[in-house]
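Below are two complexes that have chain A in common, paired first with chain B and then with chain C.
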Partner chain A sequence: MKWLWSALALLLGRGRRPAAPAAVERPRIVPRQPPSPRGENWVLLLLVLATVAAGAFIAVYAIDRLPAQTQLLGLALGLAFAFLAAAAAVASRFVVPVEEVSEPYPEPEHPAERDEVLQIVEESGERMTRRRLLKVAAGGAGMTLGTALVAPVASLGPALHPDALRRTPWRRGVRLMNSSGRPLRLQDIEEKAFYTAFPEHASHDELGAPLVVVRVDASRLDLPDGRDPERWAPDGVVAYSKICTHAGCAVALYRAPLFEPTSASPALVCPCHYSTFDPATGGGVLFGPAGRPLPQLPLEVDGGDLRAGGGFSGPIGPSWWGVRRR
Partner chain B sequence: MRTLAAVLAALMLAGAASAADTARGRKLYFSACAQCHGPDLRGVDRDARVGAGDNLALGPSLRGVGAQAADFYLRTGYMPLRDPTTQPRRTHPKYSERDLHALVDFVASFGGPGVPRVHPVRGRTGLGLVLFTEHCAGCHQVVGEGGIVTGSRVPSLEHATATQIAEAVRVGPYVMPRFSERQISPRELDSLVRYVLYARDPDDRGGWGLGHLGPVPEGIVVWLFAGAALLVVARLIGEGLKR
Partner chain C sequence: MIRGAVRYLDRRAGAAPLLRKALRYVFPDHWSFLLGEIALYSFLVLVATGIFLTMFFEPDLSKTVYHGEYAPLDGVHVSKAYRSVVDLSFRVKAGLLMRQTHHWAADVFIVAIVLHVARVFFTGAFRKPRELVYYIGVVMLMLALLEGYLGYSLVDDLLSGMGLAIGYSVAMSIPFVGANLALLLWGGPFPGPPSFEPRMYVAHVLLLPIAIGTLLALHIALIVARHHTQFAGRTRNERRVSGLPMFPGYAPRSIALAFAVAAVLVLLGGLVQINPIWLWGPYEVAQGTNGAQPDWYLGWLIGGLRLMPGVDVTVGGYTLVPNPFWGGALFPLLVFGFLFAWPTVERRITGDDRHHNLLDRPRDNPWRTAVGCAFATWVAAVFFAGSADRVYASFGIPYAPQIWFWRAVALVGPVAVFFLVRRFLGEVKRDEAAASVSPGPASQL
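Up next is the complex of A and B:
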């Protein structure tokens, strides 16, 4: 309760300077207490430190390539909160009055009573000598902390350059390489095994770069209309974007039954929310929250090496509003 | 002359023993395996219903799977399997060492790769981590705790021996994909196995592994502990102010 009143006192006390007192001098309700410049200094210092820590969070977040990024972010935010809490604690102890005032307050029905409450609030604030400075410091700390808390929203997606979501390095003729930079060869792709491929001469980190490549039994192959098996599944080898169409995780699981009659059918599975895709039917969704098939990449065989035969069959990466119309 | 006779006798005895073991393996095979894998080891598929009523007998061909697969399935207790439509679970091996050898030799006599030799000490844990994250961690979790994939359970690697890990990588049991020597070389497999053995007892930075299940239990613990700590602090401040 006292905390609430202190906060109320701070809020309502603004703009009411004791230099412009009411015309009539009234007897005090809140006993006069000496100002505490030391306490105020401490509060100021702590608020400034909180601002600096919150600012550090924003800075670390924006730089985005420090070695211990996560730990630094946690440290900065934690310190900001700790300083703010300390400032509040010191303020409650030394800067705002801590005397019990008569409680509970009745509903202020009469103007006299209302004036009395106002007077209490006003007199409570009198103990502060540098009210304006304290207010600016508290506001600054609060705003910086607020910005720090909102800053990670920037990670939700490229708001300014949404093209990054659609761009892929796959063009006709780009060779498929494994993670150690050796080209993937058609004859090396075995059934019941799965392979991750990246485009030659392109960053592995791009959303559209990684592929999952598997060989499907030719008798099971049932690609959507318009996808010629010669072009999209040479010798039963199919390639899909490795990024799940649900939330953008890596489709890192390949369910490859050793003996199909007694277990589940072959499928590509995303470990995040278990979206399950059928590699034999053009990446159709078998199970899970994904709303559209995995984008497929047409393939060409050039002297045994696998190359892209064009772009993906659909937009890569997680789904968003209107993604099917692209 | 006497030594030669002794050697000859020993060889004959060994030959007799191995012939006896092969017969033993055949007998064991027909008593426990042949119903699902077929009397000629060619397997039983859905069209050829062998069992009576609900006792459906189904099983893959064992020709060409070699000692590698037989050793893996028998030593992990995966086989014999009571109901062929269920996922095999790890239990104690159901055969004595001698019977197990006899069965493995019998299956191996139909061709196929031998038990892979793995030397974890020759591997590098760091390289193993890289390989494990790329090929295995999607299903088995980064420290081999296991998990699920739609339609089946992913076993934990807690009790797998070095040889069994190597066998599983090459065989691809149940719905696990298999990895050829071209994809994971024997040298790389040494590192991979070394990492799996290491990951059973990793040096946890925080001191408490929480089952190594990842961020969800860690988050829950943080919220519980941090929430309790905050309550205590708030309480202490309140008490301090009252005085």
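Up next is the complex of A and C:
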């Protein structure tokens, strides 16, 4: 026990040995400032607290199935950092010398070296006789090689085949299914409700797949020219691509009138940027940033089940240059 | 021991002269100079927590059925990416702490950068000879925004999928090349083949962090080469810089700040929930959440997309410029175009080609301050328009009138703010001049 104490005393006392007097007294660089025992005490205390908090983090981490473990871990680690921050802040004010030093800013420019750089470049080029020709040749080689190195980027995707954007799984006869895989039936479609449908036997995970299906009051139905209500809205049931023509989000909101005399007309609304489409007029834009209507899908009724009567009235999903507007 | 280490380094690397200089590098003092450091330390926290997260995250969009700690999702078809994030939140010890700290750090990182850019702008710190430092900083802001966007897009929850759909639409909307570019980036029509996820992943965990780290090093090296700017003072002028030396004065302060940043981020990560993806659910193209809000730093972009009236440029019934281009591409282009162009614009207009080491106080240059405030008003109006749906949900103020209001503010606000600020600062300057017969410290030079 005794030797342990003396070892500890030796270890702790190591730093307190007076520095050996320098052979020649050199001018100081860092000014001498009086010690601040109180400041040091605070730093010590804060360091001890940081140690305790960090230890608590290890303990909390080690104990399994602790309720609110995340909160306790955050609290312990956060406090450890906070105590360390406080210790360093107190040290910066009271424990280390605080001084103001001043020095000149670096030279704004170096004309002599600059001229030498130019001189080196010029003198190095003097050996060339057909400088322009060499420049053109080097430039040509460099640019061609650069293009060659960039060309494989085309492997990343079908960049030259934007027709892929027009493909959808919907064609004549494809049955409309709900998300749990049951056929959508005409008689089940109620007014003021909103149905999502998917093509039978096809992936749900492409922009062309999902539809919104709603029933519109026959008196309000006013489809664009050329869309025969028999074919596009049997019994007032209309189907549109569920993907907003503005920015590709799902048109996931339906504004159904709660009180007919005062409510706004029924509308399909996208929650991303609030493009609002009118289901009664072929998906025309009522409000918001969308630039073209929702593409409509013609419908057929087959023994009560809804089937696609053909492809969409326009390209689905977000617009790109060259897409048809209507 | 220190003597030995210094001797070793000096003999092997000739490091003593460099060390001698570095220890006494002068840091002029002002609280606003700490903003850049906060960004730096947030970046370190991001790297540290990010490394932990990569050990558990699976960048894989193939589908699986979730069976795990979070009962409400039991049996739901999710991607492996999404499942791995839910699992690292609930199954991995300290995983949720790391994830939430990472997310908070990203938000704080970008707050700090934006405020730092504002400080540099309003004090004229971007002027010669520090234009390069400024340009690099603005590039880092752009990369940080992209990095944050990719980070939350990787998770494949409903919110991130909607964000990606919007990003895809913005890419598609670029005239003449948009569709091709989007197909190239995504590898096919949205949501793209499963190979799209590793593309985002390698960008998020490797390419962008390396780019940001490299630019950060360059940014700091260029600052050191020209030394810090300073506000004018008794011992501070265009020729001499004064302040605390790096060692021993400044180092403990900066260390304190680093630990304080870490403390705040870890406390937030442990105590304040952020992005609870198990509530959003996995992404499916047919799903959407109402009141979808991205992280704050994308608010200006969603605001731009929401604010813009439904205008497409069409030629003969064919779209040339689809709508998302205005808010999603042109608007950020203008914002960053302004930031990049400003040093040149100011130099051209004022004809001031001098070397500047002293900072302006914002009032010293009312014209620049007014332009900056007008610009900030414009961006802020668009930013707030992005939260109109939350205001509708919380306070019942109808959505459409709010949008019209912010459209008006975005048009009229900047002009009004420009004249108000210029006038106000002109008066402040006059009062100052009247109050002190002897010239103030700023004009002593």
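What we mean here is this: the second predicted complex is superposed on the first by the 164 of 326 C-alpha atoms of A that agree within 3 Å, B and C clash if a C-alpha of one lies under 4 Å from a C-alpha of the other, contacts with A are read in each partner's own complex, and residues count from 1 in each chain.
The definition used in the following text is that contacts are C-beta pairs under 8 Å (C-beta built on N, C-alpha and C of every residue); 3 or more make two chains touch, one makes a residue touch a chain.
A quick note: this is a predicted structure, and the numbers were derived from the prediction, not measured.
S.K.: Report for A:252: first if it touches chain B alone, second if chain C alone, otherwise both or neither.
M.R.: A:252 contacts both chain B and chain C.
S.K.: In the superposed arrangement, does A:179 touch chain B (first), chain C (second), both or neither?
M.R.: A:179 contacts both chain B and chain C.
S.K.: More residues of chain A are touched by which chain, chain B or chain C?
M.R.: Per-residue touch count on chain A favours C.
S.K.: Have a look at where A:287 lands relative to chain B and chain C in the superposition and call it first, second, both or neither.
M.R.: After superposing on A, A:287 lies in contact with both chain B and chain C.
S.K.: After lining up the shared chain so the two structures overlap, which partner does A:188 touch, if you call chain B first and chain C second: first, second, both or neither?
M.R.: In the superposition, A:188 touches chain B alone.
S.K.: Tell me the contact category for A:131 with respect to chain B and chain C: first, second, both or neither.
M.R.: Touch partners of A:131: none, neither chain B nor chain C.
S.K.: For A:215 in the superposed arrangement: first (chain B), second (chain C), both or neither?
M.R.: neither
S.K.: First (chain B), second (chain C), both or neither: which does A:307 touch?
M.R.: It touches nothing on chain B or chain C.
S.K.: Given the touch rule stated above, what does A:204 touch, chain B (first), chain C (second), both, or neither?
M.R.: Touch status of A:204: second partner only.
S.K.: Figure out whether A:271 sits in contact with chain B (first) or chain C (second), or with both, or with neither.
M.R.: Touch status of A:271: both partners.
S.K.: Determine where on chain A the residues touched by chain B overlap those touched by chain C, and list them.
M.R.: In chain A, residues 89, 92, 98, 179, 196, 250, 252-253, 271, 274, 287-288 are touched by chain B and also by chain C.
S.K.: Give every residue of chain A touching chain B within the complex, in rising order.
M.R.: Result: residues 2, 89, 92-93, 98, 179, 188, 190, 192-196, 250, 252-259, 261-264, 267, 269, 271, 274, 276, 286-288 of chain A touch chain B.
S.K.: Which residues of chain B touch chain A in the complex?
M.R.: On the chain B side, the touching residues are 43, 45-46, 58-60, 84-85, 87, 134, 137-139, 147-152, 171-180, 182-183, 237, 241.
S.K.: Given the complex with chain C, which residues does chain A contribute to the contact?
M.R.: 29-30, 61, 69-75, 77-82, 84-89, 91-92, 95-106, 108, 153-154, 156-162, 164-165, 167, 179, 196, 198, 204-207, 209-210, 242-243, 246-253, 270-275, 285, 287-292, 317-326
S.K.: Would you mind writing out the residues of chain C in touch with chain A in their complex?
M.R.: Those residues of chain C that touch chain A are 24, 26, 93-94, 96-97, 100-101, 129, 162, 165-166, 168-170, 172-176, 178-192, 199, 225-227, 235, 238-245, 248-253, 255-260, 262-264, 266-271, 284-292, 302, 305-306, 308-312, 314, 317-324, 327-328, 355, 357, 389, 399-400, 403.
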